[in-house]
Amino acid sequence: MSAPPIVVVRDLVKTFAVRGAVLRAVDGVCFDVGPGETLGLVGESGSGKSTTGRILVGLDAATSGSIDLFGQQISSKAGKTALGAVRRRLQFVFQDPQNSLNPRMRARDAIAEPLDIAGGLTRAARNDRVRELLEMVGLPISCGDRFPHEFSGGQRQRIGIARALAMRPEFVVCDEPVSSLDVSIQAQIVNLLLDLQERLGLSYLFIAHDLAVVRSISARVAVMYAGRIVEIAPKRELYTLPRHPYTQALLAAVPRIRPNKTRGAAVVAGELPSQIDSVAGCTFHPRCPFAFERCRVEKPTLRAIASGHLAACHLHEPPYQPSLAS
Amino acid sequence: MTDAVLTAASTQVLAERRRFRMLRQLAAHRSFRIGLVLVTILVLCAIIGPMLTGIDPTAMSIRFRFKPPSARFPFGTDQYGRDILTRVLHGGRLSLSIGFSVALLSGIFGALIGVAAGYFRTLDPYVMRSMDALMAFPAILLAIGIGAALGSQASSIVVALAVAYVPRTARIVRASVLVIREMEYLQAARVSGAGDLHIIVKHVLPNSLAPLIVQLTFVFAYAILAEAALSFLGIGPPPPAPSWGNIIAEGRDYSVEAWWVMLFPGLAVSLAALGMNLLGDGLRDVLDPRLKVET
Amino acid sequence: MAEQPLLSVENLTVQFRADAGWVTAIDGVDFSVRPGECLGIVGESGSGKSVSALSILRLHSPRSTRYASGAIHYGGRDLLTLPQHRLRQIRGGEIAMIFQDPMSSLNPVLTIGDQVTEPLRQHQGLSARAARRQAIELLDMVRISDASRRIDDYAHRLSGGMRQRVMIAIAVACRPKLLIADEPTTALDVTIQSQILALLRDLQREIGMSVILITHDLGVVAEFAQRIVVMYAGRVVESASVAALFERPMHPYTEGLIQAVPDPDRDVRRLATIPGNIPDPSTQIAGCRFNPRCRHAIKSCLAERPALIDAGAGHFARCPPRIAMGRIA
């Protein structure tokens, strides 16, 4: 990476107290995102990917760990994440087009809300910006007067994206932005996000459970399981040469139209255990076809196994120094 | 830009159909129509009525005591010869405005308390337990207690009934707030740096109003009935100023000989409460179809 | 050699009551499934795929639904006109159904055992003990570990994947001839999805039942079904064997849909899209309902409702211009 990363996350941990037990939703996550880059964050339910995204924008507070945004340390004081001046440079796109817009607000007011909260714009300037944003996301200006229930899911998602772009952020966390949309509409929104990235130089953290969609938009992809990143690599390498057994299983499980002759036929058994804490060693070992003795006792750490390609698995002895330098 | 063009066409179609859907649904709802008509008639009578009859509601006339309903006195006269029709019309003003004021007050305070409890979770247990304590008292008893302490005027009834009904409205608002605070549009505002006040005013309150308004129509109805009951018991607007309740109270001793004295204000109270209930049913069915009772 | 279909839906039109009259949810839908076959019904929202499935067992609310035309032939009878008591015998006994949301499909106040034994006691008249024994076998069959203990668990103790397995156990309890699966894996994680689909495949072979699988996921039907029916905006637009559909899709919508699905094994610069939006069921569109979004629409597409045309070898498509082109080429 030539330019310094704009997002640096180290040892991020988020725990919840659930019925007496402690749930480690995010358990020591580390990654970087560079300017103009998209990092895909993939995982199934319970992986902690959404929680990670929410912590980055201040919707949840981290329990411990460090977050560096645009070169500034973000403090997590007493359970509240203080973003300070950095807040304007990040934004969030939500998953559910139903709930992400206030049903009583017109589209133009919803889009302009970040501007209104920040203040300082004349009415004319505000309206101009709203028009500009509507055009940017491919919606006709007349849509501004309408209420959310008058739009389809894809259109509402466009409004949500317009709202996210109102303050000209540089980094946008997209939390499953197309999962609730029909396939033909998904493609439109993914293309829109790609176009906007080119046009505005945005960086994305693209969180999703759909591996195929993640591939279409990301430059690098991180795979999460039970709160930890188990593998992170440039897109092509992750998809053609996955190293971690979970990544392999995930890729094998995706139902395909065009049969992939290289993937294994094995269906991974079992499920994510409800009591993650009770699993000693590698959290994936109960389901892993390659588990051996060491996996049952020692938790693997994320290690570089090739340039830019890291995996947390005892199968891969580290040829490089055990650090994140890539 | 094919996407955008096609988008415009389809939003046009969607919009035309749904824009006035709620109003249309309300207009089609039978209960709502009946309720609206009843309430409108009563309110109009209360506002204009007294001016039409021109008779002083307190004017006594020994000559015309206990006259049954006739052309001259459509509702008859009471033991002081006062025209019941005029008294009912004037009483309507007082009773309906009491009902309205109680609904308004309990709505405002219920909203404040409900938002405080639902949005600021740390306050929730304290606030709601106090509401539970209030609800433990039967509304009428509570109203009697407060009314007795404050003295016999219309305003003390309003305060007493508002206090009695606030737990109900607060509970409704709190329930809405608990649902809304999980909505993503609220979180979107937070990501953009919105403070609690902005979020409460712009997002929480507007979306909690619908169930509250439905509840307020019912509170209005309860208040009118309660005012009648309280006046009947001797607490409330003192005579000679008429309210539906005290007309009924005064007619109590003559219920056999002069049945019309109790009947007509009683009918007025029933119709007002019924009308508001039907109105509320209609609003509830249209605004929150999940609560609808299949008929 | 054409085998007699097990179930055949013919020209089915279903309408729902809305504020201003009746809205047509599905319009003249035809499809059939042979014994032991798996039919996939694919479509996006508003396509009418779920409506079609629910119609088979007449699960729509009778007060607000109208079957404006068509018939559903099963066992020599028309299911749409069957009297209630006969229909109830068929439901759960010969034709079973599983649904999408595992979290709400099981009764939270009954144990798993209560719910699995219910169809056994109702349709086969088994005693409580015999039913319980069979229920444990069924839970084993759907690969729930420790079945003899789990049978007394309540639904909330189970994960989504396990609940779906219980649903499947309930559905196959009486060895139905046909299983209708309405988006059975949509709400599940992809690794669990592949487990459930593998289970369904094995059960299908073991019991010899037919399956109608309804889904929006083309990958799922590609791997699971033998024949596919594609629905759009309430109509069947294409129907073919899996191989034929993906090799040579004839309807522009099918083609567009296949291209729009992102491929986990390939890099593309931009995804192929279908412009525009899916029409609301109450929207009136003259002619072919896909024409506002179709790159190949010609004048006749806007005028008359296109017929479903046989392009040979069991491949049907509702696009006369395309088929004509295909025949010339």
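Order of writing sets the labels: A, B and C. Residues in every chain begin at 1.
The working rule: contacts are C-beta pairs under 8 Å (C-beta built on N, C-alpha and C of every residue); 3 or more make two chains touch, one makes a residue touch a chain.
Every value quoted in this text rests on a predicted model; they were computed, and no experiment measured them.
Peer 1: Counting C-beta pairs in contact, which chain pair has more, A-B or A-C?
Peer 2: Greater number of contacting C-beta pairs: A-C.
Peer 1: Going by C-alpha centroids, which chain is farthest from subunit C? Tell me that one.
Peer 2: The most remote chain is B.
Peer 1: Measuring from the mean C-alpha position of subunit A to the mean C-alpha position of subunit B, what distance in angstrom results?
Peer 2: Averaging C-alpha atoms per chain gives centres 49 Å apart.
Peer 1: Take the average of all CA coordinates in subunit A, do the same for subunit C, and state the distance between these two points in whole angstrom.
Peer 2: Spacing between the chain centres: roughly 32 Å.
Peer 1: So which stretches of subunit B touch two or more other chains?
Peer 2: 3, 7, 10, 14
Peer 1: Touching at least two other chains at once: which residues of subunit C meet that condition?
Peer 2: 273, 275, 277
Peer 1: Could you check subunit A for residues that touch two or more other chains and list them?
Peer 2: As it turns out, subunit A has residues touching two or more other chains at 152, 155, 188.
Peer 1: What part of subunit A is in contact with subunit B in the complex they form?
Peer 2: Residues 57-59, 87-88, 90-92, 94-96, 99-105, 110, 113-114, 117-118, 138-140, 142-143, 146, 149-152, 155, 160, 163, 166-167, 188 of subunit A touch subunit B in their complex.
Peer 1: Looking at the complex, which residues from subunit A come into contact with subunit C?
Peer 2: 44-45, 152-155, 182-188, 190-191, 194, 209-213, 215-216, 235-236, 239, 249-260, 267-269, 271-272, 274
Peer 1: Which residues of subunit C touch subunit A in the complex?
Peer 2: Going through subunit C, the ones touching subunit A are 44-45, 159, 161-162, 189-195, 197-198, 216-220, 222-224, 246, 256-258, 260-265, 267-268, 270-275, 277-278.
Peer 1: Help me check something: in the complex, which residues belonging to subunit B touch subunit A?
Peer 2: Touch residues, subunit B against subunit A: 1, 3-5, 7-8, 10-11, 14-15, 18-19, 183-185, 187-194, 198, 202-203, 206-207.
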